[in-house]
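Right after this note come the structures.
Next come two complexes built around subunit A: one with subunit B, the other with subunit C.
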Partner chain A sequence: MTIQFNDETFRDDYSFSNSQRAKDRFPFPFHEDSYMYSINMEQHQGGPADSIYEKRFDVDEHYIAEMRDRALVLADDPLRCQSLPHMTLAGWDLLELIMISKSEDYPELFELHRDGSKWHWINKPMGIEDHFVFMDETTLPYGPMEYITRQTQGDFCVLDQREDNLWMDAGMVTTQADWSLDFDIGMNFFEWHAPVPLAHEKGIFKRALKFLLSIQQGAPARRLNWTMTVNPLLDTSPENYHKWGVQKNSLTPENLGSKQHLRVELQTFFRLPRSNGLVFPIRCYLMSFQDIMSKPKWGRRLHRVVRDLPEELATYKGFIDKRPMMLDFLAQYDDGLPTSFGVWPDDHSEPSLQK
Partner chain B sequence: MTAPAPNSTAPKSIGAEKIKVIVSAIVPLNNLVTRFEFKRIDGYQFPTFSGGAHTVVEMQDGDLKRSNPYSLMSDPAETETYAISVRRDDQGRGGSLFLHQKVQVGATMTLSSPVNLFSLDLRARKHLFVAGGIGITPFMAQIKQLDAVHGNWELHYSCRSPELGSYVDELCAKHAHSVNIYYDDKKQSIDLENLLDGQPIGTHLYVCGPKGMIDWVRRSAASAGWPDAHVHHEEFLAPQPGKPFAVRLAKSGLSVEVGEHESLLEAIERLGVEPPYLCRGGACGQCETDVLESEGIFIHRDHWLEDDEKSSGIKIMPCVSRFDGKILVLDR
Partner chain C sequence: MSVFKFPESIRSRPVYGILEPRPGRSHLMIADCEGAEAILDLAAQASDLMANTHIIFIPNGTLFGPKLQELNPAQYYEGPSFAAALSRIQRVLSDAVMGLQIYLTGTEGMMGQAQNEAMQAGYDYTAIQTEHRGSVARRMQCVHCKGITEDVIIDPFECSHCGLNLFVRDHYSRRIAAFQGVCIDAEDPGNVPASVELYS
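Right after this comes the complex of A and B.
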């Protein structure tokens, strides 16, 4: 299908919006009426047609605007993109993975022509065309990881694997849910997850690490994670907390439906062939509460999940103070009817709101 | 299916799934070691891999299906051909004998996607390789990978005799200054103590070869004060033949007799039950299985379980370990 790219912003006037198609394919993360951590991994081998799971790297209507926002973040703070010296090979792995995937999955948007190590890359939506020599950094305007992730939606953690652990040794992180690459760079899997409540006690990280270490070439995996964001803001970084933290106080019962967004991350995991590293793309999807309420099943369920979420999690996800106001809004869309199992909206079978 | 583009990689839905190949060349190197080269049947290119990776080769030997891991020794950037070198083991269960005696050019076989449990540490200022015999194979790929980026490496390779020195000529011709060869029959041996003593800070040490050599190198490095994280080894065990024994799989409700030349994992797979695995050689930990009931003696041979786990009798690695006794019930 042809994608109409939005001319929109994720800052200042927040002109971001979701089309009907974007609403229909939003990755609502709750498969039942309550939420607790789980590893919830599955194979990343396609998915229903036109869903965000269908392609290896989903390209949607927000592509151009997200890349513009990334460039602004990097101009203000170059440390959002870092790669330790031993990670260059993994950067080439990532560039190759994305160029091959995008040119095969979206041939009308991206082209890759290879003649040995002479590569020719065309990115039509962004108007980029470059000839370069694969594995020769001097032939690209940036390092390989930075070059390709300036053209790909989502944050990217490029992890080195050694000593039976994963190490955050490179990344492009500009659309993060309140964590900092500059702080985490060089940390291992347990170190960078240290702030997460409850999950350590449940042994979740040990099991998750074991799973990730065994991810094989050609067998990527995926999971969803979520949090809450006031205003459609991509860059909710600790570095800029002074700018966005205060915006939480702009919520009122009247504007909550349009300002409060559910932020969902599609996290995928690919083994990188040459470096034996792992890339962990974290793709952010935003949808306002108001738009979520257009799906009766999601409206009922979101109310129940937010209401029953353990206090530690609501605190960690940064919305404990605003939870009462959220619940006042969400309760209007919960008529107490049961919901069907699974994440899909089931627009045609779920009853409309009975009140 | 339309013909793949000349530069295309694997089909989109490749998964960790198997790669169907045809044996494109068989090259005897000496009395014991033969190289096997493979091409893909579907016309796509092989995935690139990282030096030190192995592939699991499936062999249909009559009624027996064997799956043995072999280090990939071709150039990791080479996507037309994969190659392994196999040492004939006359005392083994027959996997290497099958390859040596029954496989011919043109035969079709199945390989797993590459898996690396013996990766280079890319932070190393220098890579110091110690190989014994057929343990040279992962280093062949690592050397090619490092050479492409002018990496700093040095090889010390111990062989039984010049006649059995696989790839010695090739290595010496290309890398005269980085390769050191030692022949047992000429009473030459690696002066490990001095070798370890003279290395620059930031060197990583890698050893692959017989168990005795691996233990010797690791022990020497530890006593010379090398950090554990700088010492890497790979030792896949071939499953050993043994007395047949019976096993019951509680979850699947099936029972099977493990044959003399069959591993417990292979017997389980014969029933259609498929525990996960990466190495099939007692190293990766994927096939770890809970024991629900047992009466008898465990013959643990893996490198994965801790000693207390082995003596507790509640876990077994079915890829290489066996059992001698009356009752064995597994959580599979």
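Right after this comes the complex of A and C.
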């Protein structure tokens, strides 16, 4: 299908919006009426037609606007993209993975022509066309990881694998849920997850690490994670927290439906062939509470999840103070009816709101 | 009282041990302040180490220098600050050959920076011994302006560079050799709780 790219912003006037198609394919993260951490991994080998799971790297209506926002973030703070010296090979692996995936999955948007090491890349939506020599950094305007991730939605953590651990040794991180690449770069899997409450005690990270260490080439995996964001702000970085934190206090009962967004991360994991690194793209999808309420099942369920979430998690995810106001809004959309199992909205089988 | 037992914390927070003599061709001991006492304890266990030991000591007002010199290390240097000692540390690390043992002791800020230098010179951080002694003040990085404030002993504190009110996290970066400070009143500007002394 042809994608109409939105002309929209993720800052200042926040003109971001989701079309009906975007609402229909939003990755609602709750498969039941409650939430607790889990590893919730599955294979990333496609998914239902037109879902965000169908392609290896989903391209949607927000593509151009997200790339514009990334360029603004990088101009303001180039340290959002860093690669330790031993990670350049993994950067080439990543460039290859994305170029091949996108040109195969979206041939009308991206083309890759390869003649030995002479590569020709065409990105039609962004108007980019470059000839370069694969594995020769001098032939690209940026390092390979930065070059391709300036053209791909989502944050990218490029992890080195050694000593039975994963190391955050490179990344492009401009749409993060409040963590700093500049601070965390060089840390191992347990260290960069250190601030996450409860999950260490539950052994989640030990099991997740075991799973990730054994991911094979050609067998990527995926999971969802989520948090809450006021306004459709992509750059919820700790670096700029002193600027955006105050927006959390702009919520009122009247504007909450349009301002409060559920922020869902599609996390995927691909083994990189030459470096044996692992790339961990974190793709962010935003949807306002009022748009979520257009799906009766999601409305019922979001109320129950937010209401019953353990206090530590509501604190960690940054909305403990606003939870009562959120619940006042969400309760209007919960009539107490049961919900069907699974994440899909089931528009045609779930009853409409009975109040 | 120079020995403090840190409570259990998150996985990125450094943990320290007790220096023990290890076989090696040569020994580099870097200490500040009360860290000198850890070196004195170490030497009491294994006085033969000193013939191949280089001590770099930053007294910072303490009076342990003469006692360390009495140990008769092969080389002894006293510096007025870590920054002043840095080029000497870098030189020693770049000249080092296989079989060097590294011992760091004193404040967290000094040990972190020295460890970072050793890592940059190619030493695995897990092979470097550390023992905390003395002040529990921290070296903090402001996540907003990236400025470092040394010897932070209260929480929250004011960034010495950008002036934001920062709370003291246990999240620690070896590469920056600092804990992370994050604005405490971002969501409600001006609402800053009274500072308390760390571990008080």
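One rule holds for everything that comes next: the second predicted complex is superposed on the first by the 355 of 355 C-alpha atoms of A that agree within 3 Å, B and C clash if a C-alpha of one lies under 4 Å from a C-alpha of the other, contacts with A are read in each partner's own complex, and residues count from 1 in each chain.
We take it that a residue touches a chain if its C-beta (ideal position, glycine included) is under 8 Å from a C-beta of that chain, and two chains touch if they have at least 3 such contacts.
Everything numeric here is computed off the predicted structure, so don't read it as measured data.
Once the two complexes are overlaid on the shared chain, A:Ser15 sits clear of subunit B and of subunit C alike. In the superposition on chain A, A:Asp182 contacts subunit C only, with no contact to subunit B. By the touch criterion defined above, A:His200 lies against subunit C but remains apart from subunit B after alignment on the C-alpha atoms of chain A.
Judged by the touch definition given at the top, the superposed model places A:Trp192 against subunit C, while subunit B stays out of reach.
Judged by the touch definition given at the top, the superposed model places A:Ser38 against neither subunit B nor subunit C. In the superposition on chain A, contact is made by A:Gly245 with subunit C only, not with subunit B. Put simply, subunit A uses no single residue to touch subunit B in one complex and subunit C in the other. Contact residues on subunit A toward subunit B in their complex (touch as defined above): 43, 45-46, 56, 85-87, 89, 100, 104-105, 113-114, 135, 160-163, 210, 214, 216-219, 273-276. The touching residues of subunit B, counted against subunit A in their complex, run 7-10, 12-17, 47-50, 52-53, 76-77, 113-116, 119-123, 145, 148-149, 229, 276, 278, 284-286.
Touching subunit A in their complex are the following residues of subunit C: 10-13, 141, 143-144, 146, 164, 169-171, 173-176, 180, 182-183, 186-189.
Interface of subunit A with subunit C (complex): residues 180, 182-187, 190-195, 200, 238-246, 248-249, 321.
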